[in-house]
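Report on the structure given below.
Chain lettering (A, B and C) follows the sequence in which the chains are written, and residue indices restart at 1 in each chain.
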Amino acid sequence: MTDASLEERIARLEAVHEIQNLMGRYSYWHTANMHRECLSLFAMKTPGVRAEMMWGVYEGPEGIRRLYEGWHRHLGPAADVGAMHMHALTTPVIEVAGDLRTAKATWVSPGHETMSFSVAAGATPEAFWAWCKYGCDFILEDGQWKIWHLHVYGIFLAPYGRSWVEQPEDMIDPPPMLPEHEPDRPPTTHWQYKPDREYVNEPAPPAPFDTFEEANAF
Amino acid sequence: MTDASLEERIARLEAVHEIQNLMGRYSYWHTANMHRECLSLFAMKTPGVRAEMMWGVYEGPEGIRRLYEGWHRHLGPAADVGAMHMHALTTPVIEVAGDLRTAKATWVSPGHETMSFSVAAGATPEAFWAWCKYGCDFILEDGQWKIWHLHVYGIFLAPYGRSWVEQPEDMIDPPPMLPEHEPDRPPTTHWQYKPDREYVNEPAPPAPFDTFEEANAF
Amino acid sequence: MTDASLEERIARLEAVHEIQNLMGRYSYWHTANMHRECLSLFAMKTPGVRAEMMWGVYEGPEGIRRLYEGWHRHLGPAADVGAMHMHALTTPVIEVAGDLRTAKATWVSPGHETMSFSVAAGATPEAFWAWCKYGCDFILEDGQWKIWHLHVYGIFLAPYGRSWVEQPEDMIDPPPMLPEHEPDRPPTTHWQYKPDREYVNEPAPPAPFDTFEEANAF
């Protein structure tokens, strides 16, 4: 056992820890409406950076800014009163590439959303249970682990008083948006719970791998 | 500090990470009805491999196959439509034995179950909040960490519209089963929430330990 | 890369793991009403040890004992029947100080509380969904990582049948207490969800840091 290989094994374990911290910060800051700060978590200098929400894919640093500085703030700070969007991170499966340059990970996210569908002053927010999953690729950029591909996969968005089975319609997520906040292309995955659907293994928890391949990208 | 002991400390940290990934895969694959794939996560070549569900203990590789390939698939693929069984992993306490041959860990699992109690076509599934805990022993088999003893401990299974306090009966879990899917012996633990019961410390989160002892097995 | 620095990097990773285990034990033991055992998780020999609940701050080893041996047990063992207080740990962001003497971490805690507001025999307990967050400082004491500052931050406590939006009053937590169980001083943070409030970034997930500063204490 040489020092070099010990060092590599330590670097791999450090990557696992840094990636968990990185996604944790994303979760806390997202809930706190710190969308500008979230930009610093993405690999903004690396080709291919993207975020896939349930309603479409935002590509490149411009797409990431459009999503976080644009869409997520389009209702303005007044909409923050009474709103709460919390997506906890559980069930981590984190695999660092053999070449130590990228990593893949998935999480199951129990959570809840509280929001008003009207921006009228005094509109009452509604409470939802909201579970989703994350499948993400990470990359070292200037020596720091960053989010390269963030992909949100639906599970359910259920009004507090009515379960995901009784909720008859797909939730429209997001509400109609301004043209300048639209994604670059449609989503690549569509699953969320409906009583007539079969559960799909998306995102598949990553297996050990040597080097990133776009065919397996989240 | 010798290289040997550094290597041992790294191996211990790698074990913690691999065990979290291993149980994560179990969780994702279980939800996706990939029960055959789950077999590969168990120490099928190691004496004493077993899984304890709330209704009994399945022993040995034959018992593990009976549970995952048999019971979990007994309703056939038609029953997968509208069904969803999700058990997230949180609150890990993972201890690797001093001898680096086994490990013990516990998790609290927030989750939900959606299922129909009838296999009639068009039967409406019902939604439940389902929390449980896992207490597991792990063992190195051919250089890979595997599940040696998987033990599920109940917390509650509550219909979406009625809490664990109002749910007056113990949930019968599983529904009546074919004789060929029955466990090898009754469960060793029975707790789940009822208003007249006191909470018990099962599974106890593991303390550091040197070597596996069957008396402390999960 | 010298052995010394490899050793330091391993010690840092071990600290992350030990801190997750430490807080996990806190969670399991708290649910199991093992409040005396929880004392062993705190840095009882280190100046500044404290716990901040939503209703106030308990300071020093005497304060910690008053909270866990006193207040948490003030209803006596009879109150344990039908009660369940479960706070799972998710979304960890754990940072170990550059000097390896302290660490800071935050968690999001999905959970639930089941309790009776009456100690009369046969009183029916009520079920609540209870989410909170933890922000904690940890310190090495006699070579063991211990909880130095435990700080609980509210999210919501919602009766099972009524969401955090519909719940019109701040939950009074705890119920009126005996003078001998009161905290040493008022809480430093007060947020929990109300429809007229804006979410705040408390606790902020820790950033990498070199050495503990009281100004940043949780």
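As a convention for this text, a residue touches a chain if its C-beta (ideal position, glycine included) is under 8 Å from a C-beta of that chain, and two chains touch if they have at least 3 such contacts.
Values in this document were obtained by computation on a predicted structure and should not be read as measured data.
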Among line, ring, star, complete and other, the chain contact graph is complete
Go ahead and align chain A to its copy chain C using Cα positions, then give the rotation in degrees, nearest 5. 120
Over half shared or under half: which fits the residue numbers at the contact of copies chain A and chain B, same or different? different
Distance between chain A and chain B based on Cα centroids, please, to the nearest Å. 27
Residue numbers in chain B touching 2 or more other chains? 3, 6, 10, 13, 90, 110
Which bits of chain C are touching chain A when the two form their complex? 1, 3, 6, 9-10, 13, 16, 90-95, 106, 108, 110, 131, 155, 163-166, 193-201, 204-205
Along chain C, where are the residues that touch chain B in the complex? 3-4, 6-7, 10, 13-14, 17, 20-21, 24-25, 27-29, 31-34, 80-84, 86, 88-90, 110, 112, 114, 124-127, 160-161
